[in-house]
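Mind looking over this structure? Questions follow.
Chain naming follows the written order as A, B, C, D and E, and within any one chain the residues start at number 1.
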Amino acid sequence: MPLVPLLDVDNLHARYGQARVLHGVSLTVSPGEVVVLLGANGAGKTTLLRAITGHVERTGSIKFAGTDITRASPAAIVSLGLVQVPEGRGTFADLTVQENLRLGAYTRRVTAAALALEISEIVERFPILGERAGQRAGLLSGGEQQMLAIGRALLARPRLLVLDEPSLGLAPTVTRAVFDTLRELHDEQGLSLLVVEQNADLSLGIADRAYVLEAGEIQVDGPAAAIRDDAGLRRAYLGY
Amino acid sequence: MLALQLLVDGVGKGAIYAALALAIVVAHRSTGLINFAQGEFATLSAMLTVALTGLGLGVWPALAVAAAASFAAGALIQVVIVRPAMRRDLVPVVIMIGLYVCANAIGQLTFGQNPRPLEGLFPAGGLVFGGIRVQWSLIGVILLQAVVITALTLFFVRTKIGLGFRAVATAPEASRVAGIPVERMHMIGWGIAAALGAVAGVSLTNLGVYVESHMMTTVLVYSLAAVTIGGFDSALGAIVGGAIMGVVESLVTGLVPGVSGDVGILVSLTIIVLILLSRPQGLFGRERVARV
Amino acid sequence: MAGLNLLTGFTGQVSVGHSAFFGIGAYVTGVLIVHAGVPMTAAIIAGTLSGGIAGALFGIPSLRIKGTHLAIVTLVLAASLPAVLSTFSEITGGTEGLRVPRITPPRGSFLAADQTRYYVVLGALLLVVLGVFMLDRSRTGRALRALGDNEIAAVTYGVRPMRLRIGVFAASSTITALAGALFAVTSGFISSTTSYMTIVGSIVFLTALVIGGRALLAGPLAGAAIAELLPAQISRYSPEWANFAYGAILIALLLLAPGGISSLRFRRRRSHPAPHVLPAPLQQEETPHDTDDTRDQAQPTTRIG
Amino acid sequence: GDGGDPASTGDSLNLTADCLHYDPTAGVTTDTIKLGTSLPLTGALAIPGTFHFGLEAYLATVNAEGGVNGRKIELTVLDDGYDPAKTATNVNELVNRDKVFGIVGILGTATALAVQQDLQDNCVPNLFIQTGAPVVADPAQTWSQIQFPTYSLEAQALAQRAINAGVKSVSIISQNDAFGKAYVDALVSPLKDAGVTVGTQVTYDPGAPSVETQITQLAADGADAVFIAALGTKCPQILNGIKSSRWNPLLLSVNFCTSRGLLGLLEDGAGDDMIGTTWYKSPTDPQFAQDGALAAYREALAKYSPAADPDEDFVLDGWLVGQLLVDVLKSAETLDRASVMRAAHEANLHVDTMLDGVRFAAAGTTEPIGQVQLRRYDSASKTFLFIDPKSGDDLPAGKTSLIIRGTNPSADVREPSASGAPRPSDGKP
Amino acid sequence: MLRVERLSLAFRGVQALRDVTFEVAAGGVTALIGPNGAGKTTMFNCISRILTPDSGALSLDGIDLIGVRASRLPELGVARTFQHAALFPSLDVRGNVRIGADVARHASRPALPVDETLELLRLSADASRSTEGLPLGTKKRVELARALASGPHLLLLDEPAGGLTHEEVGEMRDTLLAVKERLGLTILLVEHHVQMVMSMSSHVVVMSSGEVIADGAPSDVRSDPRVISAYLGS
């Protein structure tokens, strides 16, 4: 593990009003690393991702690429290259698919032509988005919206992409395609990933390291392969 | 002949409604809120313009300065007052009622009770053809509005920031995720709307309305109705909605025996109900997306 | 006293037009007593019912027109009432108004006239509050909230939007009309310029609702009191600044206590964010007024995730 | 307490017989008399509401000189924004909480109607109501009294002028409320009786932003004269509209349109030769520039109500009401409500701010002021000139030629007994 | 029990359903699977009468559903869940479940009592919480509880396992099967969790681009080459 992590979360607490959800979480993602975050329903995975990307009240310390982003706004965090694919449908329902994709690159300076090219690359990966380009995103099927959300996030050209249940609602073939794409971007462009994914087999398969979150605290932290291969850990935390 | 003159009068009325309606549309398009205080803001801007001309400024430069000041004030109010209240459904509405009351009071306190005229932006007099009078100022205001809609449409539809405004208004959460600075956009949106309010206030004075603290009270209702007819998100809709109301009202009250000018609002009510029954989202509005 | 609001909370749609129903209640009652010699009680009932019927009729377009659009339509409806009143000024008196006989104590009563009025209004208020309270906890109350949250899902669970919408519109306008009817027979004078008959009235009702906080019964009443009494008090000392102060206090209150006054005292779990009862200005000894309401679905002003 | 008024002394008027509640000396102490008023200080009718400045200035002047019979007058002013419900609340508060002795100068028709019966029932004096609507001047309302010449009188005076000027047809534009209607009602029959056609009649809503449609309708009819019953900025809008429509009728307008502030808004040439009425010395009328009564008024106003606009007719009217009020209070037998009310009913007063010949003469009538003077607006000099009602000719400065209520207006024009030499304003005729 | 015959529906430019025909046998679990955008949710929307098909027939126990209003379906014993949990945020968890129970009471059909339903789905502790801010997995369970409380004959489930862990998926399956037995339910299941589908359904219908491409026993469908290429992948 390199000495300077890309993302360095230390002693993070987060809450919704009175409800405390995270109790001192520490976690790192190194440049080029793929990290998976596992945990049961309600453990606080979504909350952790949202805290990192600036969407929840939080205390502690979060550094991204050397910058302290504990107090940064979500927009500022995105422009640093830390981009999130939120849980569920995080699309602009009233805007078209095309417009949704254009908004993915909102924080970047790109010419219209260059952006069009990038969008066509995304469409190649998810052809249905091309077919529905002029349709309003809210009318897409569940899986189509999920593809749109991922495609949009990729257009932000993230350095670290944070994904909350990316396979949600995706057909098995598409799930595989998404993970292939992620791995490809990782391999080719050094994209780092922090993934929350219930499909543990799949996520552990592409991950370097894994964390298991339970009731707002990190319980297990280690190489993905070790967790996958440790039957005791699997049974205790992953339920199989 | 009478009908034609009434038509022109109706267009004039419509232009009054449309002026404020445009500002309302911009605020809605960029923040998703209907600003009930928009009319009073516009009144304050008009008062400021009057004060500036009193200092010897020409009316156009005065309008420019007032619009800039209004932009700043609108943005400031958004940040200080509206933003903290954005979270709960009805609260912003009442906050805006509070703003309305305050703005109105400020107008009375600073400007006094006496109405004042404002020098015209356009030459006095007008065209007469075939016995129909059209004031230059009406033509001027309509051209001004055409310029404003074109600019707004280009801005919202063609530019990246414009797209960002639409995104923020309809889905603030998703916007944050996409890295759009939601708060700043809301602030700028209110600023632009307030600046347009200055244009609205001054346009009204060119259509025969005097600057006084309650100049917008009723106009606001008509403008809201115009926006409803046109669709909350459409600048063109605001103009068309205003014109429909002005023209129908003018023709109905002017030509139908027994219907007099004081029931104009009833005519408007009928128009908007009829239009909305066939197009609930307004003539130029888009229906919100809803599916499960 | 207070009028009530059903709808806002339940169905989430804002109606800014309830002054129209207030006016209908007040005028039907007043006109029946003055011009037709109908006994007061019967006139109040008739006034109340006609408000309800008007509300039901108006509820029909509301099936199609929703959200902010409906809110604005109701606003324009409210704005139209004075025009209607002056059109029929032969019987309504228009701006000149109509002097309505007031409630007088029954013979042999030990109560003074204004006390009698006060208790009549208070009684009606309690009944209405009780009714709304019970409705809120009933199946219908749940259905209303569900409808407001997500119409499609609600329908899937057997909620009938048409019936409920019209019903709720009718119920809320009935209550508002009752407040209007009582206003007529307690204040003794109604005119098309009376603020409760104009948009201003609608705004006062809505304001009372929000400042009070919709969730609790006491909230709206306190809200009504503040919305009504506060400006009056300030106005005494500095009439020119009263409006400004009123607006400023309104804003300050909402910024400090966005859940309404009642939230300052009780921290309620968020399980009941929506509300119901609604209030009305509490005025001096007797007079009643008010109410407002609202309802229906989705973001009144927009906002979708 | 309840009604224990000494039965009215030989007067036909038994004021206290029907009191639900009568407290004869509420608000009076050995050194003060408390009075209250409710009027629009905010909103569209805030300008008429500036009435209170004049009233306060006069009362302050009187108080500084020792008050009325050694008692200082305290006036509580509440804002009702012209909302009758608010007026009711205010008056209720004034009577029940502040325990005022009486109410003075409620402004407006609907607002007055909203409280009239209540004050009647509780036998609280309701003096100098600022309206000329005949409906408020109801003989059954023995505890109230209006102050303006009635709108009918004003309308009839203008109708008379139109008839004398020989017009064949008159159109009417009026505000769509009781105020507008009172004028229209009074105008139509004298015109018809004189064989004048009443042409297009239009109304407008006071909140509507413009009146162009109405002007177009009137212009299409093209009557010889137009009668304007409007308030506020609708007046200049109408006059400007008429001017640019190239229709050139004889303009007849209600008194409320003729304030200098409103006329200052007119476009060049608009409103020329418009005929209006008045009954007091308008502060902006050059013929009264040297008038002693107005000088005293200006001086006191500058001292006690510096925020007020001394040129505003309504402010002067407030001062004038102060003069009448003090006279009435002084002439009351004793300082109890019934006596004061009786004094108001018996008043026959002329004060120095009224035009010569105008009197507040209440005995036997509910419409105490029964005289008005016609005047003409000269747009070039932006001033008014008094005119002769018959010929329409300008009168020499300082001269009046009043129209007097109650008789056939065409015949009943009389030269006032005095001009330039005001009669002492005394309490008894 | 449910018959779908030659159902077609087009949105502007998208043929979402094309001559879809299949049957759901009473008492069984029928799975409806297929790639994203195949038209599964659209099919559900037609059955629950939120959408009206352009053509074709729908019948439930012989009753023609096309003429039935959406709000009457719960009386006929049809309940559903939504792919994106469509809960009522102004009601708490219990209130949401009671909405379902209101239907059951109205139709006087046997149903699970509210408290028992909450218990069954491990929601008792959250009963008075707002549904806003619930974790995804919990939302899914509230959806299911609401549907069960309405005492359905036919239960339409749209991706009930989305966002659940392995363990939770297994648990949900067991719960469903138990309730099915107890209430005599018929289930129509849309789900991308292939393991869950294969392990609990008696019959699988596969759709792609609006058309039915396979219909049969789980094992047959699983090995159908068209299904593999369109949906399962290798």
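In this section, contacts are C-beta pairs under 8 Å (C-beta built on N, C-alpha and C of every residue); 3 or more make two chains touch, one makes a residue touch a chain.
What you are looking at is a predicted structure, and each value in this text was computed from that prediction instead of being measured.
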Which chains lie in contact with each of chain A and chain C?
B, E
As a test of understanding: of all chains, whose mean C-alpha position lies farthest from that of chain E?
D
Larger contact count among B-E and B-D belongs to B-D
What whole-Å value do you get for the distance between chain A and chain B if each is reduced to the mean of its CA atoms?
42
Distance from the CA centroid of chain A to that of chain E, rounded to the nearest Å?
29
Cα centroid separation, chain D vs chain E, in Å, comes to 77
Using the touch definition from the top, which residues of chain D touch two or more other chains?
42, 176, 205
Contacts with two or more other chains, residues of chain A listed in rising order:
89-90, 93-94, 139
Touching two or more other chains - residue numbers and ranges from chain C:
12, 83, 86, 152-153, 240, 242-243, 304-305
Show which residues of chain B lie in contact with chain C when the two form their complex.
28, 32-34, 81, 84-85, 87-95, 97-106, 108-109, 169-174, 218, 221, 224-225, 227-228, 232, 262-266, 268-269, 272-273, 276-277, 280-282, 288-292
Touching chain D in the complex, chain C uses residues 83, 86, 89, 93-97, 99, 113, 187-189, 191-196, 200, 232, 235-236, 239-240, 242-243, 283-285, 287, 289
State the interface residues of chain B toward chain A in the complex, per the touch definition above.
160, 163-164, 166-167, 170-171, 173-184, 286, 288-291
Which residues of chain A touch chain B in the complex?
53-55, 73-79, 83-84, 86, 90-95, 99, 102-104, 106-107, 136-139, 152, 156
Under the definition above, what is the set of chain E residues touching chain C in their complex?
48, 50, 70-75, 79-80, 82, 86-92, 95, 98-100, 102-103, 106, 128-130, 132, 146, 150
